[in-house]
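What follows is a pair of complexes built around chain A, which joins chain B in one and chain C in the other.
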Partner chain A sequence: MTRPGFVLEVDRSTPPILTWHGEGYRLERLPPGRSRVIYPPEATEALSDPDRAIREALLNPLGDSKPLPELLSAGMRLTIAFDDISLPLPPMRRPDNRQRVIEAVLDLAAGAGVDDVVLICALALHRRMTESELRHAIGDRVYDSFAPSGRLLQHDAEDPDGLVHIGLTDAGEDVEINKRAAESDLIVYVNINLVAMDGGHKSVATGLASYRSLRHHHNVKTMRHSRSFMDPEHSELHSSNWRMGRLLAASGVNIFQIETTLNNDAFPASAAFLQKREWEWSLRDRAGFVASSKALSVMPPRSARSMFQAIKAPHALTSVHAGEVEAVHAATTRVVHRQQLVDVQGQTDIAIFGLPHICPYNVNSIMNPILVMCMGLGYLFNLYRGMPIVRKGGVAILSHPTPWAFHPVHHPSYIDFFEEVLSETTDPAVIEAKYEERFATDDWYRHLYRTSHAYHGVHPFYMWYWGAHALEHLGRVVVVGGDPKAVRRLGFSPATTLADAFEIASDVVGRDATISHFHCPPIMIADVH
Partner chain B sequence: MRALQVERSLPRFAAARIASRPLALRLGEADLPEAPGPDWVTLRPKLSGICGSDLATVFGRSSRWFEPIVSFPFVPGHEVVAETDTGDRVVVEPVLHCKIRGITPPCTACTAGRTNRCENLSAGHLSPGLQTGFCASTGGGWSGAFLAHRDQLHPVPAGWSDEAAVMVEPVACSVHAALASPSEADRCAVVIGAGTIGLATLAALRSLRSEVTTLIAVAKHPEQRRLSVQLGADYVAEPSELRRAVRRATGSWILDSGQLTGGADMVFDCVGSSESLVDAIAVAAPGATIVLVGMPGHVGMDLTALWQRELRLVGAYAYGPEARAGGRHSFDLAMELIASRDLGRLVSARYPLDRHCEALEHASQAGRRGATKVVFDLGLEKRR
Partner chain C sequence: MNLRFPFGAPSWPGGVPLPPAERDLGVHYDSDWARSPLARLSRSVIQTSLTNPVVRAITSPTVRGLDRVAHLDEPAIFAANHSSHLDAPLLMAVIPQRWRDDLFVAGAADYFFDTLPKAFISALTLNAVPMERQRVSRTSARRATTLLDDGWSMLIFPEGGRSPDGWGQSHRAGAAWLAIRSNKPVIPLYVEGTGRILPKGARRVRTGKVTVNFGAPLFPPANGDARSFATAIEDSIAALADELVSDWYTSRLRAGASATPSLSGPDAPAWRRSWALTGTKSTGGANSTTKGWPWTAPR
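== the complex of A and B ==
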């Protein structure tokens, strides 16, 4: 039986708390009597026989879907779409969930005599994956069977010949998705559901969509009205995707959804202390922390980045559901919530978010300043249900080195966004109105997205929009240990130490402010009452 | 009278260069040179600016190119607003061309009215010297008094501040530079450097070149960025951001090697360093014109792009009648620009001669200290 998450009230006997700081971590002592630490639940139990569970899910679908074998027949067109590099975090050890599920689907397809099978990586506007990344996700056997014959594709949201406009939702939203997928007799979507906003109709309606379609929900208004993304009932992002998904279904696009969930086991045993409660650290954990901290303190940033990016998580499969999209996602969400929900009573004046080395958009890449903002204010801030852990007008303290550094291949438009757009304004609405279209239609960015490994030109805008709700909610954002120049460009306040950050925050929330430390990763959702 | 003088001393120039201190300069008593003829008048400076070429001289960084066209000891100072014996305020057009030197017939350039291209800068009845402020026979503005030919004088309009008047000479240089490149529709122009000359070039381009549709400034410091926008820049980039800024403005692509496929149609290098010229060439479109406005010295760079892209690299020195402005003189255009854009505000600090070391240090660090034009205030000097 794994222990649920809980909230520790900090007193004088509380040890220093582990706080992530990019490619590293620190132990921070919190003020007693007015601080609390929110810990995630421990990793839930793994399925004992994942492959058997997958087969059973395919044969016993949820909702009004028939079992997968009954949907497969000779002569049909089958498209298997799957989640991209952004999931899971950190990347999981082989075999990846996608490999297990795709192999099971292909076995059934082969048994039914289906020859016309194409695999599509559902990139949306993300970067194309490299061969090694694809091999890791879907396995060598699948890769070698499909890639050489051109039947392993990566979705191209800018291919004028590869998209089809399905129609408009009743809210006037364009639904335009991958043509091969839309014109298939069946789309099998293979998902990894790391957080509650993944999966469901978002899989196809976002993952296989064009910019024309995505802009209807990836915008400032939607983000400000998604409170939070992790709470479907209060997420406009969720509502928009559901409208689009229902239009797809009504238009005859057949989708067989397969969703998998993972437990919280994010780090290998050698770094077990990263997901333990500090007072339970063993001698080995303490030694591991000291040794790794010392090594990281003298290691060049590039080496530290390589080391962290090489981490493969021992995530284990905890559930697999298949069938009709909404029924599947409802079941998946219950499992995700069981793993991630933590009861939290009330809000505090300050929230501390230690930012780890990785977010969905810097796998094998650099966590640039825009991604720091997105990770802190877009993701960690929004990991709540009910209300944010920090009160309206409160202060978020992020801990991250925030280097003025960008991956030139993966994030070319991010560099321009940082240099041009953020030097003029940090207001998401102004940014959207004044700059988005130019970046989204820039020929060079389009070329790099389609032919290289670059995120789409508009992607940094979406990263900024992810944080729009937090920017509106918070009175100030302080970044501990960041490059001051980069932090100021983001519109935030730099602080050298956590004590300095509290001092800066006191201008906004006073000297006796209450504090929440969000002890993440592993991922959790604060269920704030 | 007291004057700051530069003497010919190689050890002093070498020491100044190594120590980054104005060791080639000496403050002392000096006699007013004897007037070469009846057309010469004595001027008493009110304000006298410190220019980039002055700094290069006193810090021992000037090119040896100038050796035959200067004469020692000389009193620097060629950006001057001064009073005549009759109390009239004038600004000085400092080029010491054929007519000023009493040379007849004048050289081909002077005959054509292009006195800034005069071939006789070391001949005639004056000692060698390309301008007032570099000639032993005339003195210069960093003193209590100096000599000027009547043809060098431009009256200061009534109501003008001394700060506005002292800006006429540098702004005229910028006007001349802004009008130096060819004219076509819808041009993207880049101005590298946001000191006095860079800012004035921005203002001149915005006022005199209506075909410039996109104007990008390169500025390092916050005050420079603020002034660049005020004076007409559409976008202000830091030096490291320039290539991407030009790419965005022109719809170019960046190739793997970092070079742009297209670029800006006009580039004005108002710095004159190797780095700024490398940047200028890197962001120039095929067939573009690069105008050297800031005084360059020795530079080293790869000129392959200059050749392969058929770039034109042109100098813009001093002033004169401007063909692109109907033959009007740069000084007249500069005065209009100063009045319309309030460029007198670019004068940031005034120093007496006694504090010349401080003044020169301030001028050499003007950008990072939030300043633009640093001047000597000779009004204080006169009261001594």
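== the complex of A and C ==
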């Protein structure tokens, strides 16, 4: 029996609380009597026979979909699309969910004599994956069967010949997706639903879309009206994707959706203390913390980054649903919520977010300052249902080294965004109006996105918009332990220690401010009443 | 040596129930054996031959206000401010003999009773009884009131723990609540100086001078209002502190005007609180006294 999430009221007996700090972590003591710590639920039970569960899901679809074998026939065009490197976090141990599911789908396709099969990695505007990353995601058997013959593709949102404009939604949104997928007799989309935002109509309508289509929901207005984008019922991001998905369905694009969920088992046994409650740390946990902390404190940042990026999570498959998009997504979201929801009573004046080493956009890469903002104010801040854990006008304290460092191959446009745009303004609306189009249509960024391993030129803008709701909601953002110059460039206040951060925050929320410490990862959603 | 987390074991948050396997520790530790004749004899030997002489040598205590309790001849609850591990052994050495022999100490269940060796030593040397810091549970309340009804007196630190920064902390209502429930008087005590000799977190003891000021006994109110009685206890201790830096009459004038300086220091950032404590000290080491203390702003 796994324990549900838990909110600890901090008293004087409460030990210091683990707080992530990029490629490292700290133990921080919180003020008693006015602080609380929000702990995620423990990992739910894994499926005992994942491959059998996948087969059963394909044979017993949800909604009005037929079983997958009935949708497969000789002579048809089949496209299997799958989530990219941004999921799951940290990357999971082999076999990845995508490998298991794609192999099961291909088994059925082979049995039905389907020859025209193409696999497409649904990148949207993310960077292209490397061979080793693809092999890790879909497995060597699949890779070696499709890559050599050019039937393993990575979606290209800038290929004028590889996109097709489906039409406009009722709200006037362009729907333009991958041509091969749109013209297939069937798209099988393979998801890993790490958070409630993933999956549903967003899979195809975003993962296989072009900039022309994405800009209708990846913008400041949509983000400010998604409260939060982790709560599908109150997310304008989802509403837009749902309109697009329904247009796709009405246009005859057939999608067989497969969604998989993972449990909260995010770290290997050697680092089990990272997902345990501090007062339950054993001697081994404490030894692990002390040894790793000391080692990381003397390790060059590059080595620490390599060490953390090498972590492969022992995530286990907890559910798999297949069939019609909306029915599948509703079932999947229930499972995600069962794993991640934590009941939280009321808001506090301050929220502390310790930022881990990884976010969706720096797998095998560097978490640059823009991604720090996105991770803190985009992702962690938005992991709520109902209302944010911090009140309107409150303070968010982020803990991260925030180095002035960028991966030149993965994030070339981020460098210019940081130097050129943020030095002028940090207002998302002004940034969007003044700079977005130039970056989005820049030929050099487009070339790097299409041929190298670079994120699209517009991607840093989206990262900034991701935090637009938080920027509007918060009175101040303080970054503990960050490079002061980089932190100031982001428009935030640097602080050396958490105590300093509280002092800085007191200018906004007073001396006796209430505090929430969001003990994440593992991932959770604060269900704030 | 008591290592700090993560080198030592973590403390257990007050709001989290202990798992069943550990129910014989913490607040569930049974310290009845420590009041057996053999344990009392052992404690008496330890106190008279070891702890009392050592504590007196280190602290050179000056005791004031004993005349205020001279007339009292019944079990009582001694409530004191708390800034050092020296407080309990010091008070056990200076509390008059008629209470000292039948005195137990309310010890933090999560700190003094989290391991068997610590629980054993605490119970034997201090006659400590486990009690929660945040709120008195049914188990603790029953144990304490039974002992009080049996004629034992109690030493309790209503702040719930040692001062983290030298300033006092707000009082919990446990002492007041137990006094009302057992209908015993509360004798307020103010201890000045132990925080300089062995403050929280210090690894070394420095010798110095300590003053213990006994206050007039406070009797439980007829209306049974524990919250207001707790405030009265806290105010009495603050007035005893004020006596030490001014004089009795000035302190009474301030008390009458509700202007007794707060023990909890200025409502200011951490550095100013530290400054207010350390910046006004003379440079005479642990024997020095705070010239500007207490904080002069009224509460």
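Following the convention adopted for this analysis, the second predicted complex is superposed on the first by the 529 of 529 C-alpha atoms of A that agree within 3 Å, B and C clash if a C-alpha of one lies under 4 Å from a C-alpha of the other, contacts with A are read in each partner's own complex, and residues count from 1 in each chain.
By our rule, contacts are C-beta pairs under 8 Å (C-beta built on N, C-alpha and C of every residue); 3 or more make two chains touch, one makes a residue touch a chain.
The structure presented is a predicted model; accordingly, all values stated were derived computationally and were not measured.
With the C-alpha superposition on chain A as described, chain C and chain B fit side by side in the combined arrangement. In the superposed model, the vertex angle chain B-chain A-chain C (Cα centres) comes to 90 degrees (nearest 10). Using the contact criterion defined above for the overlaid structures, shared-chain residue A:L8 touches chain C, although it does not reach chain B. Touch criterion met: A:W444 reaches chain B, while chain C stays clear of it. Touch criterion met: A:R511 reaches chain C, while chain B stays clear of it. In the superposition on chain A, A:I415 makes contact with chain B only, not with chain C. Put chain B and chain C next to each other and count what each touches on chain A; the higher total goes to C. Once both complexes are placed on a shared chain A, the shortest Cα to Cα gap between chain B and chain C comes to 31 Å. Across the superposed pair, chain B and chain C touch chain A at no common residue.
Residues 235, 237-238, 241, 244-245, 247-248, 251-254 of chain B are the ones that touch chain A when the two sit in their complex.
Every residue of chain C that touches chain A in the complex is listed here, in rising order: 5-7, 9-16, 108, 110-111, 133-134, 160-161, 267, 269-270.
Partner chain C is touched in their complex by these residues of chain A: 8-16, 27, 278-281, 286, 289-290, 499, 503, 506, 511. Partner chain B is touched in their complex by these residues of chain A: 412, 415-416, 419-420, 438, 442-444, 447.
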